[in-house]
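Listed after this line are the structures, all set down as C-alpha cells.
Here chain A shows up in two complexes: once beside chain B, once beside chain C.
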Partner chain A sequence: MSSSAPSPFVLSAAAFEKIAPEEYYKRFTSQKIRPDARRFPAFRQTSVQINSISTAYGSSVVRQGNNMVICGIKGEVAEPKFATPKQGYVVPNLELSPICSADFAPGAPSELAQTISHRLDQLVRTGHLLDLEQLCIVEGAAVWTLYVDITCLAFDGNILDAALLALTTALQNTKLPRATFHEETSLITVEPTSPSTQSADSATVALTVARPLFAASFACLPDGVILADPNATEEKVAETLVSIVLDTSGQLAHVWSHGKTAVANSPTIQACIEQARQRVSELQNIIQLAAPKA
Partner chain B sequence: MSRQELLSPEGLRIDGRRANELRRTVCKQSVLTQADGSAYYEQGNTKVLAAIYGPREPRLRSNTLNDRAFVNVEFKVAPFSTNERRKRSKGDRRILEIASAVRQTFESVIVATVYPRSQIDVFLHLLQDDGGNVQACINATTLALIDAGIPMTEYICACSAGYIDETPVLDLNHTEESSFETPDLTIAVMPRSGKVTLLQMESRLEITRLEDTMLLATEGCKQIQRIMDSVVRENTRDLVEKYGQ
Partner chain C sequence: MTTTSIRPDGRQADQIRPLEIVQGLLHRPDGSAQFALDKTSTLAAVYGPMEIKIRDEKVDRATIEVNYKPLTGQSGVRDRWVEFNVRRTFEGVVLTALHPNTLIRIELQESRVHGSEISAAFNAATMALMDAGVPMRTIVGSVSCAIDDQGTLLLDPTEHEIETATSFHIFAFDSEMQGALFNDSIGSFTPEQYNACHEICRKSVSKIFSFMRTAVEKKLLTQVQQLQKE
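What follows is the complex of A and B.
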C-alpha cells in the first residue's frame, strides 16, 4: 500500500490507545499536555480524611485522583528484641485486593503489593520516620507492635505516593491506649478504648512522628518527557519510573529509579527532586487542612 | 464476664435506642472509580463497601455456564475493623459462610440468563464491624448491583432482630449480638412481593416468639428499603441530569 493513499478506516481514540499506547501518548506529549488534561508537572488532586474508622487507634483515607486508599492502625503488645530493648515495631502492609481494579486477581498478594509494602517498611526502618522508643511499655519486657494495614479501594497508578501519605497521616493521628505493667504477675493490661473515649483525653497517648516523609513519583517517557504522578496507563508506557522520598526540610530519604533504560541520567533525577520539593510543601498544606480542629 | 444490662428499666438499649428502632443508616452509590458498580453502606458503626465487576469473561474456564452468568461473591474483613486486631484469611469459615449467604440470596433475583458465559464479581469489604455484618453486606450488594445496571427482578433488603428478656428488639449491634442470651435472627426479603430469600438464626429462640421476631425484622427491612430507594432515585436523577446536558 502506498503511503500517500488515504487510509480507508478511522480508529476511535479508545481503540488507538489500546493498539498503540506509545504512539497515542506521543500525540499528546508533542502538544505539551496529557490525555487527562494535566500539564507534565501537575499532580492529581489529593485529599486526606483523618480518623474515620473508630475501631482503629489511628486511621486515614487518602484520595489522589482516582486512587483511594484507607489506612488503619492497630496495636499489639509484643516482646522487644534483645539488642533493642526499648524499641517497638511498626509493620506496614499494603493490600491490593481485586476490589480496587479489574487488573488484580484474588489470591496471594501481588508482586507490586509486596514491593510497596517492603518499601514502606524500609522507610520506617531506615528513614527514621518515628522514634521507635516511644513504643516502649516496659524496657526489655514489653513494647507496642503497630500494624499499619493499608487497603487500596481504587487503584489508578502511583500507589506508593498515596500509601505513604496514608501511613504518615495515620501515624500522626494515632493515639495509643495506656498500658500498665503489673510487677507481681508480670502481665500487661491495656485499657480498652471505645470510639467515644478516643478523642483527646488522659486514657490515650498520642504518637509523635519526628520526621514525616512524603513521596513523589515520576514517569519518564522515551522522548525525555517527565510526567509527575503517573496514572496506571502512564506507568505502563513509561520507560523509567522514579520515586523520590523527602522529609519536610527537603532532605532526601530514598530514591528509587527503575525501568527499561539503565539509569535515568542525572539531570532527570535533579529535575524530579526539584519537583518533589514543591510537592512536599503542597502536601503539607493538604495535611494542615485535614488536621482536626483544636 | 458479668452480664451487662442490655435493656434499661426505661426500655432503652445500651446505645440509647428504643427496642424497635434502627441504627442511623447512611448509604451512597457510585463511590469507587474503578468498579463497574459500587456502594457504601453504613448502619450505626458497621461500615461496608461493595464493588461489582462485570459481567466479564470468567477467570476460570470451569466457571463458564452456557445458559447464565456465574455470580462470584468475595467478602473481606479489614484487619482494623474490630476491637481486637485479627487477620482473617480468605479461608476463614465465618467469612466463607457470609459470602455464600450473600451469593445464594442474590442468585434468586439477578436475571443471570441475560449474560451467558460470563462472570459477575461481587467484592465486599468490611471496614468497621459493629454487628449485623450479613444484613449490611446484603443491603450494600443490592445498591451496588443497581449501580452496575445489572438486571434484578426486585430489591433485596435485610435486617436483623432478636429478643432481650421479654422484648423483641430490632437491628442488633455488636454488644447485643455477642451476648449469649440474645437470639439473633437475620432475614432478607423482597419488599414488594414479601418473599423471604434468607433466614438465618443463631442460638435459641422460643418457637412462639419466632413469628414476632420475623415480623419485626421484616418491618425493619421495609424501613431500610425506603432509605435505599430514596438513595437510588436521587442517584438516578443525578445521572439523568448529567446525561441530559
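What follows is the complex of A and C.
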C-alpha cells in the first residue's frame, strides 16, 4: 500500500516551473522543444483582421498565439510645424491595461507600454514607415494628425511584433475623409464618412504606406539557444531579448538587443536577421489573405 | 582609410569627442558622476542599497530603479524608453543578489544636449555606481554612431549629424568587449553596415574604458595625497 502512494517529495510540473523556471526550461530546450510544443524557430500562429471597427478611419485586429491587440486610427485636423509645413503627425499609443495581463497595474501607462509606443513613433518617423507629407491638407495651414491607438486585450509576450503588425496593417487600410479648405473663412470642412460606404464612396483618400515594416523578436537563453517569438514566460527566463525590424526588401529598419549577457554579438544577430527575413515573407502572405476583396 | 572625411567640428569620422568625467560632485547621493562628450553631458546620482517599498521588493536580489530627466520640457515616452534600457542593462551587471530586499536607484539628468546623450547616460551611470561602491560584475561603456546619406560612418555623432543621418546606432559593451550588452539601431541600413557600426563602436569603447580608469586612478591618488598630508 505504501509503495503505491505518491512520494510527497515529487514536484508537479506546474510547481517546478514556478520554483525554478530556468531549470524547467532547460529540461525542454535540451530536447530541442519548448513547453508549448513549438520548435525553436517557430513563431506562434498569427492572424490579421482588417477594418472591423466601423467608426475608425482604419483598423486591424492582430492575434499572435495568446496575444491579441486591436488598433484603431482616428484623424484630427491640426496646424503643421513651421519647419515642416507639409508634414502631418502620427501619434502611436500602445495601451497595456490590467485587462490584458496581471503584470500591468492600473494607473499611468507602464514602462513597457511607453517604451514600445516610443519605438513605434521612431519607426514611423526615423524608419520612414509613412510619408508624412501625404497627410498635408493645405501647406502651412492644415495637416492630419493620426491617432493610432493600439489596445492589448490579451498579453503573452513579444508585444512589439504584434503592435507593429497592427499599426502597419491598420495604416495600410486607412481611408481619410476628403477635407476642403475654404479660403474666405480659412476653415477646414471634413466630409463625414463611414467605412461601410467607403468602398463605393469616392470622397475618401486611401493612405499609402511607403515602407511597410515587420518585426521579429527572439529570446536568447544561456546555452546559445535562440527562441523565436517568445511568450511572456520565455521573455522572463531569457538572458537577452533581440528584436529585428525589416522592410519588404530585406533592408533593416531597427535592431534592438538588451539583456544580462553579451550574447547579442554579431553571429547571434546574424542568425536572428536570417530568421526575421523568413518571418517577413510569412507575414506578407498573412496580410494578403486578410486584405479586403476588391 | 583615406576616405575618412573631416566633420564640421574638425573630427575624423572615427574619432570620439573629448571626454570629461567628474566623480563625487554631489553631496547627498551615495555616488555621483558627470560624464561629458564635449558639449553633451549627463549627470548621474546613485542611492542605495536602500529601503524599498514592499510592492517592489524582491526576495533574492536588489531592485534597480532608473529615472531619466530631460534637459527641458516634461518627461515623455522617450525617457521611459531610456529608463527601460538602462535598467535592463544594469540589472545584468550589478551584483543584485548581494543585496536582496533592497533598492538601488539610478537618477540620470541631462545637463547639456548635443547628440549621443544615451551613451553619455550609460557611461555616467557606470561612473556613479562605481563612486557609490555598488558591486558590479563588469563596467559598462557606451558609444553611438550614425551613418550619413553618403554611407559614411560617423562615430559619436552630434545632434545635427544624427538629424541628417539615415541610421543611428547605440551600443553598450562590458569590459570584455566581446559583444554588445545593449544595442539600439534605427533608420535604414544593411546587415553589413550594422556589423561595421558594431565593430567601430566596439573598437572605440576601449578609449572610454581607459578614460574611466584614468579618472578613477586620479581620484584615488588625490585621496591618498590628502591622507598623507594629514
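Following the convention adopted for this analysis, the second predicted complex is superposed on the first by the 281 of 294 C-alpha atoms of A that agree within 3 Å, B and C clash if a C-alpha of one lies under 4 Å from a C-alpha of the other, contacts with A are read in each partner's own complex, and residues count from 1 in each chain.
Following the convention adopted for this analysis, a contact is a pair of C-beta atoms (placed from the backbone, for glycine too) under 8 Å apart; a residue touches a chain by one contact, two chains touch by 3 or more.
These figures come from a predicted structure and were not determined experimentally.
K.L.:
Mind checking chain B and chain C on superposed chain A, clash or fit?
P.N.:
Result for chain B and chain C: fit.
K.L.:
Looking at the overlay, what does A:P98 touch: chain B (first), chain C (second), both, or neither?
P.N.:
first
K.L.:
Is A:I53 in contact with chain B, with chain C, with both, or with neither (first, second, both, neither)?
P.N.:
first
K.L.:
In the overlaid three-chain picture, which partner chain does A:T204 touch, first (chain B) or second (chain C), both, or neither?
P.N.:
After superposing on A, A:T204 lies clear of both chain B and chain C.
K.L.:
Considering only touches as defined above, state whether A:D149 meets chain B (first), chain C (second), both or neither.
P.N.:
Only chain B is touched by A:D149; chain C is not.
K.L.:
Have a look at where A:S217 lands relative to chain B and chain C in the superposition and call it first, second, both or neither.
P.N.:
neither
K.L.:
So, A:N231: does it touch chain B (first), chain C (second), both, or neither?
P.N.:
A:N231 sits against neither chain B nor chain C.
K.L.:
Just to confirm the value: shortest Cα separation between chain B and chain C in the superposed three-chain model, in whole Å.
P.N.:
Superposed on chain A, the two chains' closest C-alpha atoms are separated by 10 Å.
K.L.:
For chain B, which residues are in contact with chain A within the complex?
P.N.:
32-35, 45, 47, 49, 51, 53, 56, 59, 74, 76, 78-83, 85, 90, 121, 123, 125, 127-129
K.L.:
For the complex, give me every residue of chain C touching chain A.
P.N.:
Residues of chain C touching chain A: 76-78, 80-81, 83-85, 88-89, 91-92, 168, 173-174, 176, 178-191, 194-195, 198.
K.L.:
Name, in rising order, each residue of chain A that touches chain B in their complex.
P.N.:
53-56, 59, 66, 68, 70, 72-76, 97-102, 105-106, 147, 149, 151, 153-156, 192, 195
K.L.:
Taking the complex as given, what residues does chain A use to touch chain C?
P.N.:
111-112, 114-115, 117-119, 121-123, 126-128, 211, 239, 247, 251-266, 268-270, 273
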